[in-house]
Structure formats: C-alpha cells, structure tokens
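Here chain A shows up in two complexes: once beside chain B, once beside chain C.
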Partner chain A sequence: MTDIVLSCKDLGKIYGTKQNQVQAVTGVNLKLQKGKFYCIIGKSGSGKTTLLHLLAGMEKPDSGTVWLNGVELSQLTEVSLARLRRRHMGFVFQDYQLLPELTVEENICLPFLLDKKEIDFDWLKILLEALSLTELQNRYPTELSGGEQQRTAVARAISQRPSILFADEPTGNLDKKTSEELLDFLLKLHRKYDLTILLVTHDLDIARCGDEILLLEDGCLKTVMKADEK
Partner chain B sequence: MLILENILLAFHSLRANKMRSLLTMLGIIIGIASVIAIMTLGDSLSKSVTDSMSSMGANNVTVGLQQKSTTTEVTGSGMTFSFGPRMTKMQEKDYVTEEMLSDLKTRYAHSIEGYSLSENIGSGTAQHGAKYAYVNAEGVNDANLKNLDLTLLAGRFLTERDQKEGRKVVLVSDLLVKNMFDGNSMEALEQTVDILFKNRYYTYTIVGVYQYEESSMGFSSTSEEDTETMMYLPLKTAKDQNHNTMGYSQFTILTASGVSASEFCDTVETYMNQKYYSDNNSFEISAMSMESIVKSMTEMLSTVALVIAAIAGISLLVGGIGVMNIMLVSITERTREIGTRKALGATNGSIRLQFIMEAIVLCLIGGALGILLGIGIAAVATKMMGYAVSPSVNGILISVSFSVFIGVFFGYYPANKAAKLHPIEALRYE
Partner chain C sequence: MGIIWKLATQGRKRKLRPLYISISLCSMLLLTVFLLMGCLKKTNDAARFQAYGRYRGAAFRVTDDVKTALIQHKALLESGEMKIYGTIFKEDLIAGYIGTMDEHMLSLGNIHLKEGKLPDSAEEIAMESSLMAYMGIPFHIGERVVFEVESIDSTTGQLVKKEHEYYLSGILQSYTEYWDTDGALLCGAIISDDTAKTEQMCHLFFDSIHQNEEEMQELKELFSVRSGVRLMYNRLAYPEEGGLSYYLEHGFAFVLTFLLTEFFILLTLAVVFHKKQYELQVMRLLGADRHMLGIVWMMQGILVWIPSFLAGCFAAMPIFCIILFFYQRLGYGELQISYSPMLFLTAGIFSFLFFLLGNAYPLFLMKKIPVIPKGKSLTRYYTVHRHKRLKRNLNWKAFLNCERALYRKQEVYEGIFCFLSVLVMSCGFLLSYEKYREYLVTVSASQYDYIWEASYPAGLNKEQIDKIHQLDSIEKVDIFTIVEEINQEKLWFTWNGCEQDAYRKLMADSDEAIHKAGMPGRLVVLPDEKELFDYYANNGLGKANWENFLDGKEGLVYLPDLVVSKTGTITYMGNFGVNSYHVMGEQAKAGLTNGEMIQIKMGVTTDILRCGSVLKSFDHYFQESRDFLMPGDILVSGAFMERFLGERPKVSTLVMAYGNNEITYEITDKRMSEINQDSRVIFQMKREEKEQARQRFINTLFLTSIFILFLFAVSILLSFHHWIERMKHDSQRIQIFQYLGMEKKHIKKLYLLPYLKHITVLCLLANLLLWGVFLYEKIQFVANYEGFKNQLQFAFRSGTVEFPWILYIGFQLVYVMLLMLVARFSFQKMISNKN
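Then we have the complex of A and B:
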C-alpha cells in the first residue's frame, strides 16, 4: 500500500457576504498517495484554485480538515505552517511569480534562504540540468521566455525536495508547444524522483498525462478516475 | 532569511528605483548634513580656540579695565528715562600702576608667579636697504616673553639689561629674515633695521631670530612676502616710544602651579576693585581666565548647536515620513512578490525584517551621504574661517545611530503592513 501524503475531509470554503454567499468548495474528501501525479480539472469558477489553496494551507477552510504527512494544518501556528510550506510543499503559479531582482539561480535558491539553510549545490546542479536551465542560471527573469520562466519556477518549487508539488495552471500562459515541453519536464521529474504532483488545469489533454484526474463541479468533487479511463 | 541577503535585496530594490530612492533620502541627507556640519564646525572651532588659548597659557588670568555698567536716570515731565553707560576715555588715574601690581604680588605671593606685560606699538614696515617686511611691534617683559614660548633660531632673547635700560633691540621672525636677509639668520644678527611707524622711522638692532608659526586662527590668505609677523622689543623701549607713563590697561597674571585660574579671577577682581576702583566712577577691574573664556565660548556654541539640532530634527522627521511613504508605495508595488514569498514559506517576521532592512539601508545611505556632505560643508566653512577642520566623531556616531533609528521607526509600520498581507490576496493583487 502506498503512503498517503495529503488528505482532507469535508473540506469547505464560502466566499462573500451573508446575503451574497458563494460556496467555492463543498465537502471535498481526498487522499493523495505518494509519488502519484494528480490533475484537478473543471470549468472556470468550479473551485479548482480555491481547493489547491486550501490543501496548501494558504487559505483557512470554513469547514473540514487537511493533513499533510499526518500533520493537521489547522493546528499549526503561522510560523509552523510557513516552515511546513518551505520544507514540504512546492508551488508553481500560472504567472511564474519569479522575483525580478534575482537571477535564475537566486530565484531557485530562494527557498533555501527563506529556510536559513545552506544551499545544496549538487542538487541545484541536477535541477538546472534536468530543466535545461544551466545556460540561463545567471540571467534575470525579464531576459527569459515564458517557458524558461516557468521551468525556473518549477526548479524553485522542488529545490527543497518537497513532499508534494502544487501547480496552479502552470501552462496557462504558455503556447501549446511550450506547454507540452513543460509537461514533459514535470513528468520526467515525477518519474525520476517519485514526486507527488497536484496540478490544476482546465485542459483535458494535459490532465490525461496524470495518474488520476479529479473532476470538480461547482466546488464539489464529482469523480476521481484513472487518466486512461477518460 | 539571512540579514546579508536582506541587505543585498534592499540594494537591488533601491538600485531599481534610483531617482525615487535619492529623492526619498534628501530629507535624511539634509538633516544629517546639518547636524554633522554644525557639530564638526563646533568641534573645530572649540579645538582651535582651546589650542590657541592653551598655547597662550591655560593657567593665566587676564586682567583688564572695563567701563562700569552704570545707568543714568533722568526724570522730567513725570517720566523717567534710563541711559546706559557713556563711553569714557581712559585717564591717567584709571590705569593699573606698577605700585598696584607690586601690592597685588605681595598680597598673593603664593598664587602669583609673575606678570606678563605688554605695550603694543602697532603695525609698521621694516626696511633694510631696498628690502622690506611688515611687522607688528610689541614691547614685552620677561614673563610675557617666556609665556610666548618662542623657539629661538639664532642670537639671544631679550635680557634683563635690555629691559632695564630700554635698549633699542628686537627679536624678529625667520620669515622677516627670509624676506630681508635671504633667510640667513646669522647675517641678520646685529644688523639694524629702520621701521616706519606712523610716518616716523625708528632704528632697532636685531639680537635674535625666532621661528615663525602660522596662527591656527585668522585668515592666512596673504603671501609670505606680505605676511605681517610679530617683532618683540623690551617693554620699557616700547613704553618710551609710545610716551606712555600712565600704566597698563591690561595685564596677565601667571599663576603658580596648583592655583585654580578661574577661582583666582574672582579673588583678583574683588581685591583690586575694593582697594583701587571703588571710588572710580568710570572703570573697574575685570579678570578672566582662559578656562572661563573657553567655557563661555563653548556655551555659546552649544546654544547655536541646539538651534541647528532642532532644525535638523524637523528635517529628519520630514525625511523619516518620506521614507515611510516610499516604503508604503514600494510595498503596494511589490504586493505580489510578498504573496510569492509567503507562498514559498516566508514567515511574517522575515517579511517584516526584509522591509525594515530596506528602510534602514535607505536611511543609512542617506545618513552616509549626509555625513560626507556635512563634513564637506564644515571643511569649506572652517577653511574660510582659518580653522583646522576636526570631524566630529560623536556627530558621526550619533548620525549613524539616528539613521538606523529612523529606518526602524519609520520602516516598521509599512513592514508590518507587508507582513500581515494575506498570501492569496497578495498573489491576486493586480
């Protein structure tokens, strides 16, 4: 039996005022296994990103509980949660979110600095090579293409060897060819390093690359299916 | 996050907005520059005054005659008018006589080592053949000459016999020798020089050459040829030449070691005023020690420094508000960056520290520029006044500390605002 990395029970989130409430996520139950590639799909406004944020502890749920490696997120202090995020979670955003004043290498090393840890240069070298960033390591984000920026963001997200990588529409700003390239890189990392990935997308073709697809409709998790079932 | 990384990030951020950072720093620069300039000026002035005072003798008491501060009241038509003292010309009865000096010395034999007496003749032109030099001639007694602490380069000092007989002999500076005798001091000795004072020539024989030292006070913009140097002659010779038989309007008491000059001032004043000047309606004795002169000068400087410090304080306050304002702008601009950092696991504390460090770096650069500008202004001002510049170490330390304080104080609120941002809202910020 495979280990459970992330799980949640009855997860719910409501936005808006009393008169104008929006149920973004409703009663979601999940168990994500170590080393698997999960894709959340759904229409715009179906609650995909909100669910990702709730699972990552970046937003507090109105109901339900989230566990990462058996640790209940709601029980953690702000500092402990930040530490957990630094050491056990990786994030890739749709619009890369690289720091413009830092080079590619410095951006990748940022989690080490935030964690006040010595930089693991051997791992850094492997990452740069795996994501074809070796030649670009001294460049600034403004000097990179969209695909290169997103690869840098992926390298930054896994620089601390996290338990899980959260990717929120990582190909949303990329053209088809670059999207496929990025996906190849993600799959390679997933297979080679047994990386657990939870990726949000509205593109079914991308979702098919994962091991399992989670279909979200109006904040409710409708189906969990094997990618090849779809 | 490491402090060093935060400092580097702060530099990155400031470099990205050079003009904005410079304009923000202006308030700090002006404030710190004013503090440093006034403190350096004060220190330089104080040091120069203290140096020259102590070269004149720290244990000396300068005694002089001053007009009594009496007021005259005139009553008429039911109204009373008060008039201040009228300037009165000194008469023979007003001067301090040799007898008074002897009496004082006898009365305070243990406290008085001697009197430094002088009689100034004034400025004139010394001539030897076709060559000339400018001099200021002053008659001095032995004690005064000793007090001057001159370095003799050739010949001899004035002797007791010179003083007693009122010989027409002089001590001249090596600068005069350079101008009139091609710098050959030995050749200058026993040579006569004609000195033109007030359209009359007087002839003196050079008996000694002393080393000229440029004063640390006063302008020194003239060339060596035009520099007026002191020429010392026996006191009696000078008095004879001035036809002065009246006494002294000023003299200096050389106090014995162990005597407090400032305390002795009061003793001398009281004694002489009670014994010799109680019936004198116009003049009285006033005694001052170098210590009290320096003290009153320092007090005056402190008052000026306080006023400037208040102005500088306002400037620093405005500068600090500017820093706070620009930090708030910077945080608004970098909201998404803050969101990213939080998503990557930055704690509220590390975000707060990052922006406080940025404010400190901004203020420290402003402070450093202010210190340089302040020293520059003080250097120009002291040079113009003829003093040696002496940068205020205390001022620099205070400025650096104050810059850090402004950074922390005015950077805290924006930094705290940044730290409290919700990561998701920050990431969504457009």
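Then we have the complex of A and C:
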C-alpha cells in the first residue's frame, strides 16, 4: 500500500442543469503506484481532462474520494489543497501555459517562488541539462519553438520534485518528431527520477510508451491494461 | 465598397456591445437633460407669467392724448386700461385703491378670479384677496362690504371721503404685491364701469413688438416731455436674460453632461478598440490599408450609433417620467412638460458629435497597427527587464511587480475613470452644498419677506418706534443706537501705538483735524440679544465675552482692511466675497489687536474698553440687512452707552422693521412712510429673492442629483463590465497559478487587492484635490484677514464646520464599496470554478 501515490474510489462528476445533465466521470476507481507511467486514453469528450482535474483536486467531485499519498483531498482546506498541489503535483498542458513575461529559467523557478522557497539552483541546472534547455534559459517563451516551450513546461512541473506529474495532452500542439522527442524526455525523467506520471492523450502510439493504459469511455474507466498487452 | 460594407455589418454584435450600451446611455442622458432643462425653463417662464402677467410695458398716469398716441402706435399689439377712482381707507390709513380694469387688462396682467365673477352692476365689487385680508372682509361671495373711499367729486372736483357699500361679487388673486411698478398705484378693488366716476389716474398696460427695454425707448420718446407719465418695461414677465452668471449657473448642467458623455464614449471606444485589435491586425495582414480600416471602423460605429441613439431615446422617456414623478413627489411643484422634435434632434446632433469626437483616439491608434500581428503584448516590463536583467534576480516581489506591470495600462484607464468619477460626483456634491448655503442666506436665514430700514442719522423718537411696534404687519423690530457726534463733538478712539498706524492715518486724514491723534469712530449699541452678539463676535478671531460685553467692559471693533487705489479712492473690504476681489491698490490693515485696550473720547468725555474682537468682515450666511457698519464702529452694550453718555441725549437710531406677506407690502410701506416722514425708508422685498433662490437651489440640487446618480450607475456598470472582461482575459493565467498551487489569498493579492487599494487612494486623491480647490476658494473670500494661519482657520471653519460630512463621506463610501463589491463578485465568480 505504501507504493500507492494516488487513488480514487467511485469518483463521479456531473455537469449541467437537471434537464441537461452530462455525466462527465462515473464511478472511477484507480490506484496509481509510485514510479509508474500511466496513460489515459479516450475519445474527445470522454472525460479525460475532467478526471485529471478531479484527481488533481482542481475540481470537486460530486461523488467519490481521492487520496494523494494517503491524504484525502476532500478533507483538505483550500490552503492545504493549494499547498499539496504546489509541492506534490506537477502539471503539463497542451498549450504550455507559460508566463510570457518570464524567461525560461524564471518560469521554471516559479513554483519555488509560489512556495516562498529558496531556489535550488543545482537541481535547476540538472533539469535544464536534462531537458536541453541550458542554452535557452534566458529566452522568453515567445522566442522558443513549441517543443522547447513544452520542455520548459515539463521542467517547471517537476521543479518541485512532485509525487506525480499530470500531463494533459502535452503533445497535442506538437508535430510527430517533436512529440517523440518530448516523450523521450518524459521517459528519461520517469526512469531516472522514478517519477510517477499520469498522461492524458488520445494517441495510442503515445499511450503505448506508458507502463499502464487506462481506457476511458463516456466517463467510465473501461480497461486498465499493461502497455505491452496492447 | 461591397467588402467594406460586409466587414462593417458582420460580426459587430458581441465586441461592440459596450458601444451599444455606452451610446444608448449617453443619448439617454443627453435627451433627459435637454428635456428636463426645457421643462424647468418652461415652468419658470410659466411661474413668471403667472406672477407678472404677459404685458411687455406699462405707462403710468397717462393722459388722454398720450393714451391715444400709444394705442395708435404701430408697435403696440394689444393694450389694456386700469383706471383708479379712489383710495380705500381703514381707520384713517390707506388700505388700497379702487378702480376699473378692462378685459384686455385682466388678460395682459393674468389677473384671475379665485372665486365669483367680475362686477356687472353698480353695487358689486371684486377685491384682491390680500386687500380683503387686510380689511378683515370675510371671504364669502355676496358679503356686504362697507368702507371709506376718497374720490373726486364730479361736481366740485374736490377730493371727498365718503362711506361706500358694495356686495362682494368676486375674489381676485393677489397681484399688487408681485408687480414691480416703481411705486405706481395699482387697484386692488374693481367696480363696474357703471359706477365710473371721475378718474384720478389711468394706467395703460400693453403688449408690443419690442423685445427689450432698449427697443421700448421709441415709445418713451413719445411722451418724454410730458411730466407725470412714466413708462416701464415689464422685465419680470419674460424669460430671464442670459447674463454670464445665468449661463454659468444653468450651463453647469450642460457642461457636466457634455464632459461626462464625451469621456464615457471615448473610454468605451478605447475598450472596444482594444477588443478588436487582433481582428484589425488580421485585416491588415490580409491587405486592408489603414484608410480602409478607418472606414470600416467608422461605418461600424455609425451602424451602432443609429439603433443605440434610438434605444437611448426610448429609454429616456421612462427615465424622464420617473424624474417627473419624483420631482412632484418630493414637493418641488408641478413641472410644465416641454418637448419638441428639436430637442430630440439636438440630442441626436450632440450624441453624434461626441461619437465622432471620441473616434479621434481609436483612429489615431489605428495608425499604429502593424501589418504582421505581434501576438500578445508583453508590456513595458518585458523590454526593460530584458535589457537590464540580472542573473537570478527573480524573487517574489519582482514576480508581483512583473504581474502588476501587465495591468498597469488598464489600471491607468480605471484610475482616470475612478478619479474623475469621484471628482465630478464630489464636485456636484460641493456645488449643491454651496447652493444650499446660498439658499440658507436668502431663504432660510431670512425669516421675513419685507424689511424697512428707517435710516440713520435722522433717527426715530420713542413715539415713532412705538407706532412701528403697533403695526400689525410688522413682526420684529431691531433698534441700533448710533452715536457719532453730539453738539459737534466728534467721537474718536485710540489704542497703543495708534498714532503711527497707517490705517488710522488714512482714516483720520479723510476726516477732521481733530482726529490727528486717534481714529474717528461711532458707538453702536446692540440690542441686548446674545444671538445678535454672537453673530458679530463669531465673525472675529478674538475671544469676546458676552457677560463682559453686557457689563460694558468689552466691545467689538469693526476695522475692515482698506484698499487705496491709485486715484486715492478708499475702498473697504467688507463682507466675504463682496469686496475682496476686484479691488486693486495698496492695502492698509489696522494695528489694533484682539484683547487690546482702547480709549474712547468725545469732547471731555473719555472711557476705556477692552477690544473683545476685531471684526474684519462678515459672513453673509447669517446676515439679513445688518451690514450697516462702517470702519471704526465700536459695538457696545447699552450699559456702556449709559456710562459713557450719562445724561446726554441719544438721538440717532437705526430701526429695522421686519414683516411677512400676510397683507400687501404696499399698505405697510405706506404706513411706515407715514410714521417716519422725516427719514428715508428703505424697503426691501425679500420674497421674490427668496423664491428665486429656492427655485435655483431646487433646480441645481435636482440636476446635480441626477448627474451624480447617473455617473454612479455608469461607473458601477462600467466597472462591472471591465471586471468581467478582465477576468475572462485572465482566466487562463489565473488557472496556471492555481495549477501551480498558488493560494487563493495570493491570487487575490495579485489581482483584487491592488485594485481596491488603487481606487481607495484615487478616491482620497480626488478629495484632496477638490478640497484644496475648495479651501483655496474659501481663503480668497477671507483674503483680508491678517496672516495665512488666520485665513486658513477661517476658511476651514467656514467650509467645514457645517459641512454634511456624514452624507459626503457616506456616498463616497457607498461608491467605493460598490466598486469593491463588483470587483470581488467578478473575481469570486471567476475563481470559484476551480479550487
């Protein structure tokens, strides 16, 4: 049990009014082990992003419970939840979500600032090297390519050494070659630092890179399979 | 043109929504104000017509040949006759005049019957209600009326006083007390032509083609050589003439409306331009030149303006009805409705002009639109930071600064709007307050409609004063005893070092040589009324004591600053704001200080008195007609006067008699003159002044309230709209921070709190500026006080002591709180979607 980083039970979320309700997520049960690479696949509108938001505590579920490192998210106050997100979760999005006013280095250091912590420059150096961003550290996001921006977003997401990295279609805006490069970086980090990753994608080829694939259909988790089973 | 039209007409719904709202609101405001001003003017004109009739001129005491010449004159459109046959007496005193009026006269003078009918037989009479009240005649039609009338006997041609008996056929609305006839007699009782006797005099009232007094000169010339005939222009019957002060006062509403409208439209256009910037950039990229963009922008604007203006006109109607409703409900009286297509047209023209003027700014910005879209603007911080950055310098503060820099421009817009809103609203409030003060001076503080001054130096004896007291119509009598000289011995006084005092020298040089060592003066005995003493004492800076004053130990000395012009004319700077301005020349200030001892001399008589306070000027606020003081006057109590003069006679008195309007002032005026035949009687009719002040106050207050409320609503709406837009714009950014684990309080600190601080500071700044100007203006009024400290003290006292702080701060607090609530609500709405 100690290896379980994130788990949820009977997780459900409904959107809309009574007449026009949409069951975005229904009865999802999950147990994510430490150091594993999970991929959620599903069609557009199947509830992948909603599930990710629920697991990350970004949205409140209508039913069910989420635990991160044994801590029940629904029991936490807003401040504790923000702290948990800051220290134990990392996020990567399709549209990078970098702050254009800050340089690559500053964007990566942002989680330290938000946590009012001293910046760990040694770790920062390692990260920049690992993601091939050393040469770009003083550039602004608008001066970077899509792949470079997404690598910056990955570096920012893991700068605090989170327990889990949530990636919501990180390759959605990238071409095939860049996508593969990014995936390589993610796998490298996953292996080297024993990083738990939960990646949402609709691309089966990308999903195959993970240790386990979770198939989501109409908000329901249909199958959990080993990547090599597919 | 086809593509331009297509571009102009398509996709102009959502992004142009603020413009629709803005133009509708502005058109609504413009039209409402125009309608309201039209109605106020019409009401005012109607009230003037009601009170003063519609005749343009009147010729008094006309002879037959003058009458014929006037009637036949081509400039005359209509004329009516008033003939006076006799004088009505009540207990040997003149009560009014009896005569006849023709139909034209009644129509021209707007003289109406309140009840009954005009007399059509020799036994009947119609009387003015005020005359009836004075005569004690019951207000019943058919009542038997008996009084003495002095008229010319047709046989002997002599004046004969005889008792006459009539039956009351009608009650006329009072008019004699309103009309300005410069002393010409008007008839308060009408009899039928059958009773016609030998007329004593005849007045001709007429309507003519002349538009003003100057034009009427040609009529005056007709009989200028004839004595006894006087011609007057009825200026009160016509719309107020537009002097500078009139336009400033009434123009305030327009100026404020125009400024507000233009600013609002300009701001909205800037917001819309900002929203459409990307779209314009894309058009530029697709090959549209700036000229084409300008045409599309203007066409879109005009297409928005047309329906918005119409919507504004529709919206103005219910708003106007609500205003009318409240106007009447609040007891301001009935408003005469005045509307014409011209008003709508004027509102349309102004609205369109402001719209065109407001477009200058976006059209100027359009010149800067690049061909290649630059993407998201990175703010000035970006460029500065880029070149001057230091390694590893990013910290929490720098990060916050970086974030704040993004909104600096928006904050400047918001700031300007908030600042101006508070400034305009507070300005309106202060203006209303000043109007209120003016209202108090002329209406509230002045309890009486009429004042008679039996003027100094002739004075009145005890018998005469007793007679004044006995007059029914006189409600209050103030008596001031004044001593300047007795048996050619003049009064003068000295204080320590007064021999060398430039002020004293100036005053003494202009007087007799006897005063070479002292200051010429007068002793003015105040009635033993503490209220009156306080009124004078409060206008000085010293600490005058009422008990000491009563005991004759202390006095108040009036020594206003003097200004000697280049021609040698001496002007004294008396009351606040009256003489302080416009007098150029060398100033002289008296050296006497508060608390100093003064020695008063008259011949061999001498006495010592402590100067409780030196009075420099008087605040009009408390004054009625008590501004008779001259430089060098010493206000003392009766006890001091007894001690000083002993057995000497006190002959000079200044008597002020006050009365109200229950009976006609004309009668009282006559009786006052009879009592006081040897002295000049100055009559002041306060009623008209009071009524005008009241009307001015109500109108200003009403208009200002509308402006304040409108600005209030617009400001809140705009702020709400702005916040919604801002939150939409920043939602992604806030989301990033939430993903990165930023706490809500920090997000609040970043987005909400600076705004709240910002508006609070700006609100304070606007107040500071406004109060600075306000106090400066007050200081100007008391510029004749010695030393800036004293001026400031007086200005502060005059401007702040009675100021309605609770109301003033209250409305500003409500405004700021609402802005804060709007911001908080929008912010909360935005971040409540996520945890």
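A few points about this structure:
Keep in mind that, in the parts below, the second predicted complex is superposed on the first by the 228 of 230 C-alpha atoms of A that agree within 3 Å, B and C clash if a C-alpha of one lies under 4 Å from a C-alpha of the other, contacts with A are read in each partner's own complex, and residues count from 1 in each chain.
To be clear about the criterion, a contact is a pair of C-beta atoms (placed from the backbone, for glycine too) under 8 Å apart; a residue touches a chain by one contact, two chains touch by 3 or more.
A quick note: this is a predicted structure, and the numbers were derived from the prediction, not measured.
Residue contacts after overlaying the shared chain place A:Thr142 against chain C, while chain B stays out of touching range. In the superposition on chain A, A:Arg83 makes contact with both chain B and chain C. Of the two partner chains placed around the shared chain by superposition, neither chain B nor chain C is touched by A:Leu215.
Between chain B and chain C, C contacts the larger number of chain A residues.
Judged by the touch definition given at the top, the superposed model places A:Leu187 against neither chain B nor chain C. When the shared chain is aligned, chain C comes close enough to touch A:Phe121, but chain B does not.
Counting contacts as defined above, chain A residues 56, 58-59, 78-79, 82-87, 89, 91, 93, 97, 99, 101-102, 110-111, 113-116, 156 meet chain B in one complex and chain C in the other. Against chain B, the residues of chain A that register as touching in their complex are 53, 56, 58-59, 78-79, 82-87, 89, 91, 93, 97, 99, 101-102, 110-111, 113-116, 156. Across the interface of their complex, chain A is touched by residues 1-2, 5, 9, 12-13, 16, 336-337, 339-350, 423-424, 427 of chain B.
Considering their complex, residues 56-60, 78-79, 81-87, 89, 91, 93, 97, 99-103, 105-106, 109-111, 113-116, 119, 121, 138, 140, 142, 156 of chain A touch chain C.
Contact residues of chain C toward chain A in the complex are 375-376, 378-379, 381-382, 385-386, 389, 392, 394-396, 399, 402-403, 405-406, 732-733, 735-746, 834-835.
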